[in-house]
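Here you go, one structure.
Order as written gives the chain letters A, B and C; numbering starts at 1 within each chain.
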Amino acid sequence: MSIEVRNVSKRFGSFTALDDVSLEVEGGSLTALLGPSGSGKSTLLRIIAGLEEPDSGDVLISGELATALRPQKRNVGFVFQHYAAFKHMTVWDNVAFGLSVRKRPKAEIRDRVDRLLQLVQLEAFGHRYPAQLSGGQRQRMALARALAPEPRVLLLDEPFGALDARVRAELREWLRHLHEEVHVTTIFVTHDQEEAMDVADQIVVLNAGRVEQAGAPASLYDEPRTEFVMRFVGEVNRIGGSFVRPHDLDIGHEPLDGAVEAMIDRISRLGFETRVELSGADGEPIIVQITRDQLEELELERGQIVWVTPARERVFAAS
Amino acid sequence: MGSLANDAIAIARRARSLGARRDRAGAALSLGIVTTFLTLIVVLPLAALVWESKKAGSHGFWAAISSPEAVAALKLTLGASLVVALLNAVLGTITAWVLVRDDFRGKALVNAIIDLPFALPTIVAGLTLLALYGSRSPIGINVAYTRGAVVLALLFVTLPFVVRTVQPVLRELDVEMEAAAASLGASDAVAFRRIVLPNILPGILSGVALALAKAVGEFGSLVIITGNLPYKTEVSSVYIFGRIESGDTPAAAAVAVVLLVISFVLLLTIGVIRHVTTRHDRG
Amino acid sequence: MAKRSLRSVALGYLVVILVGPLGIVFWRTFQHGLAPAWNALSAHDTIHAFELTLIISAIAVPINTVFGIVCALAIVRREFPAKGLLNAFIDLPLALSPVVVGLALFLLYGRQGWLGPWLTAHGIRVLFAVPAIVIATIFVSLPFVAREVVPTLREIGDEQEQAARTLGAGGWQTFWRITLPSIRWAVTYGVILTTARSLGEYGAVAVVSGRIQGVTETATLRVQQRYESFDLAGAYAISIVLALLAVGVLLAMTLIRPQEETA
């Protein structure tokens, strides 16, 4: 089920949340809406779900115009950052809710809920209340609940934002597996570029209510179209008028073509990888990533003056 | 895009405005119910009251509220209410403190009976006080038909307010803050004045304002125990009641409008206190 | 010790103001056994007074409960102009003298009031009859449910409701299955307060009821009437029943408060 957003704009008072945003999401894909807070990514997701009404523009779900439909008629699954668990219901009743409001037969509800609880590994927790679950378990329950009515699309708003780092990584992995299994068109909102890169097969970068760039994770990283995207999807150095990723810089003791002079401020060894922090001639900070072998070979030390050469750099037109 | 698709979009657009209209209709309906009900039950009667008070013109209005008996009643009402509010500020705060920080057998019971004056009919409160502090007092204290009785009855009916506004604030207050103050060399008294008091002051103030509002309008607990003696124990509510009984509704309405204004001012004060404290909490 | 003396002050204060007087009334009522109290309570007019009080509460409490919930939802979940004004008017019954309330109704529904002549012409009796007592009771017990529900609604937020919407629930389904269960303890608490106020209202009812024995006399009015007829035993007996109801209310409040705090 594809999703299409056409020229959607939304203002809250004097604040422009979305400014003429258009995007297309292929059926069955797993897409990340990536951007800093206030970029409009959550608003866009809520507009797709029907929880907000756009001031102008349209939303199409599998080719049908959905802008007029109220959320309960859109058949989208929505997962909230803070779970929005129904506190007065057991886990089982939470997952069954979407089916029971549709007045499905009891036997069918029982089957489907049991199957979903198994899928999210909560089959032993059906009789518990949300307050008795951990954050990660609650989020899995919310996911099962959203999937129960067999939604056409699954929308997740910062699904892992409220969890600690270890659980986050686990759930991320798990979401990717789930998507492979269920194969429902999925859009999730995140401000974490690593999360987006890791999970999604398409990333849409939003900034100040506009789409900066959309594409596969690799293309966004390697061929960012704007300075914003380049900075947002990875660490970056600015040398002169161009931008270079830390691993696209070479350090040497000889001035090669295009090299700049810099002094080493700090060397941190992070296992296989080594981070070298330097300051350039104008005092601007430069960060270089090299391997442990390179570090040993070059015999780098704090306070040394070295030459830094960009292997691959990008220049953006002033915006 | 084909013209068929364009048609579909046009139809769907119309549907959108219909859907939105249905949501808005729901909002308007609930708002309509609330407004109509409030107008019928609260606003219309109060408008009739204000209207009646203006019937005799501004001259009549002033004459009604400046009649010696009305002035005496209003002075007593405000005076006794202020005394009671101040007593509440002190005793209510102490009670709240004891209920939060102290520990003794039967504390839960004591905590529960604080609300009794909320639940007990005021007329019963008056009768009850008379039983212990009236002419048949078993302990020989007789305050019936005196101004002491007014203060006593008002203390009874306003008892829960300060306790219940201070208690939650005190419970939230970090005990470590007081411990820190003590470790910095502050005595108990200084710690209370410089650390605890500033934090619970908004609670005390809004409790005092609530108690004031309750005291200024009190009627039921006073009618039996005060004897309603004009110029001596007659408060404004009782005075109004007397004017109604004798058919002088313009005078009753004039004094009632004064009480109405006082109530509004106190409500506004409570609103401001609440507003200021929540901002303080956020900042 | 400071702690001990503060405790004495607090407990002493409660005994002087609250516990002492109530204890005396209990003692006085039952000092000659149960019979006098029972006789006083079984008088025809007394029974009628209690019946009337219960009927009034049975009408006023449900109306105020529905109103309170609708009102709280409007205040928390909707944006509209003059919200502050609505807030002020809802709190007003808490701060207003019951006699002023009674007078206002008296002036609206009385013979020379705005609605009085029209009502008389259509043969509808409001003042000095049950309808006026009902309206007065609704007025004075208006804010309790809304005041209890508003903070709870704010606290739970509307995410659960939004989740229900995305799962296919309509407005009514969302209200009955999500919103109402989430605020049930606050509503219960508000209903208890409303009931207490309805059973115990005196001033406003005293003005609008006409105090006709056996017709418009409520339990609280009956206490006053018995006292004025020098029937102290009767006044005490009725008071005890009302006090026991109040204790029941208290008990319910104490049991429900922890539920509300954890919900």
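Following the convention adopted for this analysis, contacts are C-beta pairs under 8 Å (C-beta built on N, C-alpha and C of every residue); 3 or more make two chains touch, one makes a residue touch a chain.
These figures come from a predicted structure and were not determined experimentally.
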Taking each chain's centre as the mean of its CA atoms, which one is most distant from subunit B? A
Most heavily contacting pair of chains is B-C
At what distance in angstrom does the C-alpha mean of subunit C lie from that of subunit B? 15
Per the C-alpha means, the centres of subunit A and subunit C lie apart by a whole-Å value of 54
Touching two or more other chains, which residues of subunit A qualify? 70
For subunit C, which residues are in contact with subunit B within the complex? 2-3, 6-7, 9-11, 13-14, 17-22, 24-25, 28, 67, 70-71, 73-74, 78, 80, 86-108, 110, 113-114, 135, 138-139, 142, 171, 193, 196, 199-203, 206-207, 219-220, 223-224, 227, 235-236, 239, 242-243, 245-247, 249-251, 253-254
In the complex of these two chains, what residues of subunit A are touching subunit C? 49-51, 70-78, 80, 82, 84-88, 97-98, 101-102, 142, 145-146, 148-149
Write out the stretch or stretches of subunit C touching subunit A in their complex. 156, 159-160, 162-170, 173, 177-178, 181-182, 184, 263
Subunit C partner, complex, touching residues on subunit B are 26-27, 30-31, 33-35, 37-38, 41-46, 48-49, 51-52, 91, 94-95, 97-99, 101-102, 104, 108, 110, 112-124, 127-129, 131-133, 138, 152, 155-156, 159, 188, 210, 213-214, 216-220, 223-224, 236-238, 240-241, 244, 249, 252-253, 256, 259-260, 263-264, 266-268, 270-271
